[in-house]
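Structure provided below as structure tokens; questions to follow.
Note that the chains are named A, B, C and D in the order they appear, and that numbering of residues resets to 1 at the start of each chain.
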């Protein structure tokens, strides 16, 4: 039977393998049952004209939480890659931490589709919403991967 | 009549206002007539498992070239913000520079839609393709903005 | 203060103004508070190779429920138009009715962003998920529109 | 070696297997080398409030030309299914025929990514732009399919 990573294991993936997420201080807060929550602390380096958080940083956070959802279902899918990602920016995020909540929409044999909703910490209305597809590694690729 | 920024002016926007693009060394190569080309040099900090360039970095490059296309049409639209962005990852980029080519699909009064095709430098087949919408500032917003 | 349409009023919009929805028998089941549910009965004319429901029909249903959400918030926005729509097909729908649930993500002055999840009637797992943006009419456009 | 369908063969697919496309009179105009052109004649049944062509009809046309591009590369991929589709509506189409031009962005073993640009016949500026992914059938699925 297929096992997924724990939150602790996924934090190790961020810290060792995702320089982008490691650099921006991404922390996995929970992982399991097709859901994941990742928190990104605020840093002035993330800003863009208008004082809000730059879109690419938010997109990187969305991508990371999708990856978390995938590895939370299939621990040997480290070589999964983003196939596509579509994001709507809803409100200018405040200069505050962002909480990203991922939810599995579909886990197939070859593709996983995940939805992500992002909030400024402490706020009720989302700042961004994303959906995306990860292409899962084939069995032979997965066997060759360096699962932590 | 509406004037757009020159490539030199947009480089100043990157260097002063976009820490993400400045940090990854984005350079505008050409700008005008609804088109823009931005080059991102390769750096090991961009990598992800598998040795390829991380998706968020590519997404940030796509977003930057869309912004360039917008400011190349309307120099006073510095406060334009990404409304949505949709990207397809087509091939794993090599550890090499990426060239992003933006093309205006539609410039309306309130929205601009831009298409971006990205290549590993020297290659013919694209590594990624994105489309996105920028919401343009209203006249009163634009007048208050700090155009360089 | 802004009022939205009732379900009965939106059904009139479908039947009089949306030949696509009228032809496929779309029925609004509930509308209000940023949410809408539209039911599409099954018909053999909707099928594609493999016996499942054709993508365009599902996309049309997604678009209709987004429009319902918008008009359920702003009854004078009949001239609102789809600006973009992004859909993921998750599972091949059975030859059965589809229930589409729309949820408002953001209502701005110029744009509304809506999320739609679609299910084969009686099933728990979604068959498709869509997000999209409607461009809202300006006040002068809305005043000139033929609100039923 | 892999062969693709001819335009004549794909027209047979439309007429026999795609009731949506057949009903709206879709005609394939050219097919080959990763490109396809499909023409949709205008019909009053396609309209929506404002007198323009309804979004779902345009989305159906985009989906059809993507399918044409796929079958123009791999004739045994009749069971390919749309995995996702993202469309931007750029200008309100006139009450006139729409010409949809599809272009292959990537043909992988499991996925094909296609871009589509659509024009009102005789116009230079596009009315809509779409990108999408088709999931290709596995070898065993393809062998079981009813290739015309």
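Criterion: a contact is a pair of C-beta atoms (placed from the backbone, for glycine too) under 8 Å apart; a residue touches a chain by one contact, two chains touch by 3 or more.
Being a predicted model, the structure only gives us computed values, none of them experimental.
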item	value
Maximum centroid distance from chain B, chain identifier (CA atoms)	C
C-D or B-C - the one linked by more C-beta pairs in contact	C-D
Distance from chain D to chain C - Cα centre to Cα centre, in angstrom	23
Interchain centroid distance [CA atoms averaged], chain B/chain D, Å	29
Mean-CA-position distance for chain C and chain B (Å)	32
For chain D, residues contacting two or more additional chains	83-84, 86, 88, 133
Pairwise touch network: line, ring, star, complete, or other	complete
Chain A to chain C touching residues, read off their complex	86, 88, 90-91, 105-106, 113, 115, 125-126, 129, 131, 133
Residue ranges of chain D touching chain A (in the complex, touch as defined)	83-84, 86, 110-111, 133, 135
Interfacial residue positions of chain A with respect to chain B in the complex	17-20, 23, 45-50, 52, 54-57, 59-60, 63-64, 78-79, 81-89, 92, 145-146
